[in-house]
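Two complexes, one shared chain (chain A), two partners (chain B, chain C).
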Partner chain A sequence: MSLDYVKFTPGFEKFMPKEYRDMVDHGPFGKKTTVSQMGSFKEVMEEHPMCAGCAMTLFIRLAVIAFPNPEDTITVGTAGCGRLAISQAAIPFVYGNYGDQNGVASGLSRGLRLRFGDKPKDVVVMAGDGGTADIGFQQVVHSWFRHERFTTIMLDNEVYGNTGGQESGMTSRGAVLKMAPLGKKFDKMDMVGLAKLAGCAYVATVVPNNPRRVESVIKKAVLVAREVGSSYIQAYTSCNIEYAIPTDKVMEDAKTVENDRYAFSEYISDEAKEYLAERYGYKEYLPKPAAAVAALADKA
Partner chain B sequence: MYLVADINVEICAAKSCKLCTQYCPEANTILYSDEMGKDKGFKYGSAYVAVDRCKGCAQCVWVCDNMAKNNAIKMIMIDQLPNAALTDNIIYGEKSTTVALAAPVVG
Partner chain C sequence: MSETKTNPQGDPVTSMEPEQKTNPQGDPITSVAVPKADVKKDPHEDAKKQRVVTLEYLLQEAPRTKEFITGSEAAKEAIRRSNVDMAIAYPITPQSETMQLVGVLYGEGYVKEYYRGEEEVGVMAAIAGGSRAGVRCFTATAGPGTLRGLEGIASWPGHRLPAVAMFTCRVVNAPLAIQPDNIEIAYLLNCGMIVFHAENQQDMFDFIMAGFIISEMNDVTLPVGVCCDGFFVTHARGYVRMQDKSMKLPPREAWRGAVPVLDAENPPARLSRDAPVQKSNFMAYNIHAVWQQEVWAAVERSRKYITKYMGGLCTAENMDKADVVIVASGSAAAQSREAARLCKEKGIKVGLVKVRSLRPFPTKELRELCKDVKLIVVPEFNYVGWLAKEVATAIYGHSKAKIIAGPHVYGGQSMPVELILDEVESGLTGKKSTNVPLSAIMGVDDPAAMAHFMRSI
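Our next item is the complex of A and B:
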């Protein structure tokens, strides 16, 4: 959990695989790498068995690039497709039992604070919609009500992808899936509403067809969770297998779904805005100068 | 044999938008070289595919055709590519990469 863990043990460099040497010398550790530099630095994600063209894979790839301090980050995941890729990044990954991930992350983030004090160590949970809204629901919502300081990301493919197509609480009403042949009879759960109700300090919905926006929400969510409170990102990450989306149409589908039910949204509490402005220089959240506010009031 | 993405350097280098790099689901697969195409007079370099990592989804083709509107990427059977980029031959630099192209299928 520091830059040291990606350095070579003296004398061993020549025995390391090329990918590892590239990552130490040209990876993102200790630098500020961004989405716009993609293709020119060695990413920490390595090869993994997720399906060709999977939007969840793209989202995870972008998320890992967006972590503000990858060398001081631990990811937590659970059963489901996403862990197949998250676990292949050179970032420590903790595998919670199915649905336990937010309980594990609560203990982990508290322990890291005890051990490292004010030095930021970021904990980021990434789990499927089934893992987050169904099986892990109790632990997720309780962690939010306790205002645990870590980030929860739902990889919402609106289905249990890893086990062949059962409906989840996040599946839309009427959707017909291999193992829900009659169509879902209930509405998609409002996890964003619940996150706000439980007092999350940062809540966003996003679709991976806008990589810079994904980068921006991940950065803010992780930074807010360092001090202010829980943060939640709900990302539409289609399952092209279970929804039979041709792989070259995955981004077209993301656009359609964005227009239909996944418009970009972002909620930031006042405290989180102030913190982002003061600590991390987010000028857009600086309080408006008193004179400008008075002038606006005059005009009204 | 199977399909992989192939980027036409001359078409890409005329635009060089890097969009495909940001939309490929696979990490370290579409890379960027400032040098590619310079010998043909292009200024900004080109994207290229490390074909040993490409899963053949063709998402990059859609992105280049529809978002970049540049039609620089085609899917090609890997044994039809005389030369291509492979992870082993990629050299990372400060702000860009360079690559020696080699036959992707031997024998």
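Our next item is the complex of A and C:
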């Protein structure tokens, strides 16, 4: 990023809005910030028009904080609730057409690589379950098969929230929603299985009530997508309106759903492990020394 | 020095060409073979030697040599000289040949990035992504592919995305057919993109190259569609005068556009953040209304560049003292030229106006050219007569000419020049046309006929 555009033009500082001055003085650009520092710095995504108690908003806030280089990250989305919040962030956001986010991201990330070479320009797709598993399905899965180097994040609230509560492919079987008046007749789509089958180098499922875990998976997914291949994160981000979850019970619901169908899972290809260990110092993925492996085998 | 290889005919084989192989029946195998591993030559050698020249020099001054090639090959040669960064392909007849030839250019290093997309929705999305990244993008499609990709294509102008798309027009299903028919242009005319219609292989070559330049002008910043009539142009050969392939256009300058590219080097455009969809109030409606006006104003502003780099939005031939004018675009212009020649033999003076740019449309030019003529004939390769509507709208109140919206051929039919000749003769004599219904003829000084015409075509 040209960090110049988050600097004041000399003499104009006192005329700039408070929000902008905070971004310049206390924003995360060019620094390393973490979710545990929340409240002590100006976040890239703060104001938003989302419903009270929206878990998706919390997840997006955490995700944006976790971007390894927010100043060089471009987000891509599609129709749905998520884009109402993502578009308010102080980083570029592409809102194209219905379900075209992974196609746009394919062209965008390749184009940026042509222009900037090895300089990281992270492309992160954030779209809903409908945008990812239904209308955008073909472009999502093909981008994975092509090993496109960007991150896909599904904001899975298991319903079309923005259009008023219709069944999606990610809705659980039996759920009664608009357009499924007799209850959904087929299972929640296994997009995690598909992601692995299609060759994603990093795949994780996560719920938003563990901020550090969210931060950890987002960071790894974005880093892996820089060089190794596609990465996919599927996050449960409940719709407390359509599923009638009281606002003070949203995190409780996330815990229940985590135990029911959203247990934390993480798949990292061997190549991605090696890359994370060598390039970014993830010691846990360093190859185990032969002696230690032998010792472990002896113990067993 | 290594020995020069020759093919079975004794011609030298360059290392870029696969060896001529034959199948068990002795027929040559023409499919693209994987280059042999022992070939030492850098496949990108020629591309690396290409040098950038000014667009004025390349488009207007550089010496050209003539070759007899297909329209698809002409498009390939235009792309070779256009400094294209990214091309995204998806097969559909009759466009497939064009995009696979562009793939050959990728193999040779003339195009930096290339892949076969999942289908047209994905391809048009990826073109939008590439254009937003600030690189020069190209794709091509046809008929059903155009309509499949239309949601994306129709959004490019609003996003202010420079790119060139080629439309090798064919029938739009159903019933299934792959024959030439340019009905798809009717859909493209109202997208807010710039639309050219190529008559022949030379036009394909010239319009594509000029298209990139016009598309990327700061006060334009719009996609350009270059249409041609499939097969008639893509698969048939014609003479094309081309500059030496050692030269190419200057690259796209990402900073030059009217809207910032999304590379995180510039402050992000607020178009997404403050999208009209976020609010339902007067300002939201006003934002969208003003944006639409600006897109179409940008289409208007492209006129000066079309005049400068393509020699005008239309061309006029034999207009001196002509009572009759045939207005045509695409390959219908070629049929019309021959019809005009036959008319001349019969002693009827017929002029020809060939429309090159459909968006923007040469309204002023047509008003001037048609102001004193008595009869205008508009032959087209589609059922609905979209060009006749455009012509009638443009010259209404500026000409008293009778307009015949026809003859029309469609579904893959070819257009015998005699059909056009018949319309000229019946139009002049008042004899009933055998090919064009009365409803598609606008009478002289007859408001009822005018109203019927505009309703019916």
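Simple rule for what comes next: the second predicted complex is superposed on the first by the 289 of 300 C-alpha atoms of A that agree within 3 Å, B and C clash if a C-alpha of one lies under 4 Å from a C-alpha of the other, contacts with A are read in each partner's own complex, and residues count from 1 in each chain.
In this section, a contact is a pair of C-beta atoms (placed from the backbone, for glycine too) under 8 Å apart; a residue touches a chain by one contact, two chains touch by 3 or more.
As the structure is a computational prediction, the values presented were derived from the model and not from experiment.
Mind checking chain B and chain C on superposed chain A, clash or fit?
With chain A aligned, chain B clears chain C, so fit.
In the combined three-chain arrangement, what's the angle at chain A toward chain B and chain C (CA centres, steps of 10°)?
It works out to roughly 130 degrees.
Which partner does A:D118 reach: the first (chain B), the second (chain C), both, or neither?
Touch partners of A:D118: none, neither chain B nor chain C.
By the touch definition at the top of the document, which applies to A:E71: first (chain B), second (chain C), both, or neither?
Second partner only.
Quick one: name whichever of chain B and chain C touches more residues of chain A.
C
Can A:D260 be said to touch chain B (first), chain C (second), both, or neither?
Neither: A:D260 stays clear of chain B and chain C.
If we overlay the two complexes on their shared chain A, which of chain B and chain C does A:E284 touch? Say first, second, both or neither.
neither
Which partner does A:V104 reach: the first (chain B), the second (chain C), both, or neither?
A:V104: touches chain C, not chain B.
For A:D22, using the defined touch cut-off, is the partner it touches chain B, chain C, both, or neither? Pick first, second, both or neither.
first
Using only CA atoms and the superposition described at the top, report the least gap between chain B and chain C in Å.
Superposed model gives a least chain B-chain C C-alpha distance of 16 Å.
Across the two complexes, find the residues of chain A that touch chain B and also touch chain C.
Dual-contact residues (chain A): none.
Taking the complex as given, what residues does chain A use to touch chain C?
It is residues 1-2, 5, 49, 71-74, 76, 83-84, 87-88, 90-112, 114-116, 121, 138-139, 142, 146 of chain A that touch chain C.
What residues on chain B touch chain A, complex-wise?
So the residues of chain B touching chain A come out as 18, 21-28, 30-32, 47, 53, 55-59, 61-63, 66-67, 87-88, 90, 92-93, 95-97.
Under the definition above, what is the set of chain A residues touching chain B in their complex?
18-19, 22, 25-26, 35-47, 50, 52-55, 57-58, 61-62, 209, 211, 247-252
Going by the contact rule set out above, which residues of chain C touch chain A in the complex?
Residues 85-86, 88, 112-113, 115, 117-119, 121-135, 137, 151-152, 155, 159, 254, 262-269, 272-273, 275, 278 of chain C touch chain A in their complex.
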